[in-house]
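We call the chains A, B and C, going by the order they appear; numbering starts again at 1 in every chain.
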Amino acid sequence: MIALQFIEFGAVVASACYGILLASRKRMDFVGLFCVACAVAFGGGTLRDLCLDRQPLFWIQNGQYPVIVFGLAAVGAIAPGTMLRLERRLAIPDALGLGLFTIVGTGYAVEAEAPLFVAALIGVMTGAFGGVIADVICNEVPTIFRPAPLYASCSFAGAWVYIGGECLGWEHSLTLALSLGTVVFFRLASLKWDWRLPSVSHPEDPSGG
Amino acid sequence: MIALQFIEFGAVVASACYGILLASRKRMDFVGLFCVACAVAFGGGTLRDLCLDRQPLFWIQNGQYPVIVFGLAAVGAIAPGTMLRLERRLAIPDALGLGLFTIVGTGYAVEAEAPLFVAALIGVMTGAFGGVIADVICNEVPTIFRPAPLYASCSFAGAWVYIGGECLGWEHSLTLALSLGTVVFFRLASLKWDWRLPSVSHPEDPSGG
Amino acid sequence: MIALQFIEFGAVVASACYGILLASRKRMDFVGLFCVACAVAFGGGTLRDLCLDRQPLFWIQNGQYPVIVFGLAAVGAIAPGTMLRLERRLAIPDALGLGLFTIVGTGYAVEAEAPLFVAALIGVMTGAFGGVIADVICNEVPTIFRPAPLYASCSFAGAWVYIGGECLGWEHSLTLALSLGTVVFFRLASLKWDWRLPSVSHPEDPSGG
């Protein structure tokens, strides 16, 4: 399980970097950088814990993560260029983190006896909604709701692989590897070949398709 | 109580349609349509359940509703025009849903021994705040906070009728009918005769009234 | 403890005034004024209570506060100028309230055995995040995340003074006075001498520093 802790650590770092760059695009100060980074890194898990009534929250129990995000935000405030160079190398940790958080969230929801479709949604929420909260705070329409390389969809696919494995009684580590692999493969493939869902035009919009 | 289930179903459909049209106005993709529709349909009830510490949440317990919203979002993505035609017929289901959710929310809050004024607020939150959350996600100032045909006010009036009936010991089905009728009547009348509250100008705004 | 209740009352009034003026800048109606004022006044405490699983929520238990905010919003809708004159005298109550809510939040988190750094963050959330929620609802990038006289930082400093006092076993009333004094002093000094954190430019922004 030491491997899972490495993935979790990488995911927090990747999320925080995304948040710090987003906040600096809005010319926030250090407070903004730190809070937006926390929103990306801990927002999805917090929503999940509130929805499933799990206490204490993820980031309260793992008190080291807010400290790490604080340190990253400090680096982002002093040397913004570092953050950018760091983020460029974070596509793989980010995809791994999306996969891990999806699976953990789905697993908790299945444990809490949520209906399967709802469990998959809670997996996606855990993996992908930190970024949604951060985008909303920064006054942006959430990136993952707009046509862009697939993100939530990869998480959704992986959640169903996990649920399938659990229902069919596969060995736990196999289910874990297959569902994590599904998310990572689809995410990296979407980035590489620019897979995206089409945008929907409002039916009354004259410029729409 | 089968009638109440029909009203609930209609309210979820009406809420989802509002969300899908809102999201398509922002040119989101299917993920955005589905998530915004869920925010409208389940946001108010989720806020209520979190504030009153009720578990499991409304949409986790009624796992069929997220599936219905998923289907509607798919229709909205493939044939946006259908959604528009559907929404035009949804003023009555929407008003009924506003009424039902207001009453249910107020009732839960009274049960939890909240002060009466707070119970009315929680009723309004249940009925009307899904739309607020969706508007905020879509980067819009919430519609129900701006001058427009009365919405939250109708819900607030109905909540007080319900509370009055409970305090005066009316028969439960009479209280239910009267408070539901109050919300629906005020909402439809506001739409028909364009009743609205005036906007407030900032005192330092030179163009203000 | 009667003094603390006066401070709490003053803080709710100051928060509500901020919210009412913010909402009127967006030309909302009475519903918007009231809801945004509630978001400022109760948002931070609600987040804290949800994160620490405390029930009933602050504003449900103290049912008089929503009524007071309702009254203030009515005054704000009828005589907006009053609100502005009121707010100009509210810098001190607001700073006292920031201090009080920070300390209460930090104290609850320490009680719940949160790690100390997390406890300080929850103190800041309690004191300062109502305004963040209101800004997000009003479609503004949160004020306290942008370069402006220090606000969250004053709260953070006071939280650490409180934690320090508790860890070193100071007498409770001394710890209280010192940490409250720290927040108020830093906040009023920041306002007077315009202390602020620098904004961070995005590394790829050509107009950035």
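Everything below uses one rule, namely that a contact is a pair of C-beta atoms (placed from the backbone, for glycine too) under 8 Å apart; a residue touches a chain by one contact, two chains touch by 3 or more.
What you see is a predicted model; the values in this text were computed from it and never measured.
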Rotational angle, Cα trace of subunit A fitted to subunit B, multiple of 5°: 120
Same-residue or different-residue interface between subunit B and subunit C, half as cut-off: different
Centre distance in Å when subunit B and subunit C are each reduced to the mean of their C-alpha atoms: 29
Two or more partner chains touched - positions in subunit A: 50, 136, 139
Interfacial residue positions of subunit C with respect to subunit A in the complex: 50-53, 109, 112, 114-118, 121, 132, 136, 139-142, 144-147, 152-153, 196-205
Residues of subunit B that touch subunit A when the two form their complex: 21, 23-33, 35-36, 38, 46, 50, 55-57, 59-60, 63, 66-67, 70, 76-77, 80-81, 83-84, 136-139
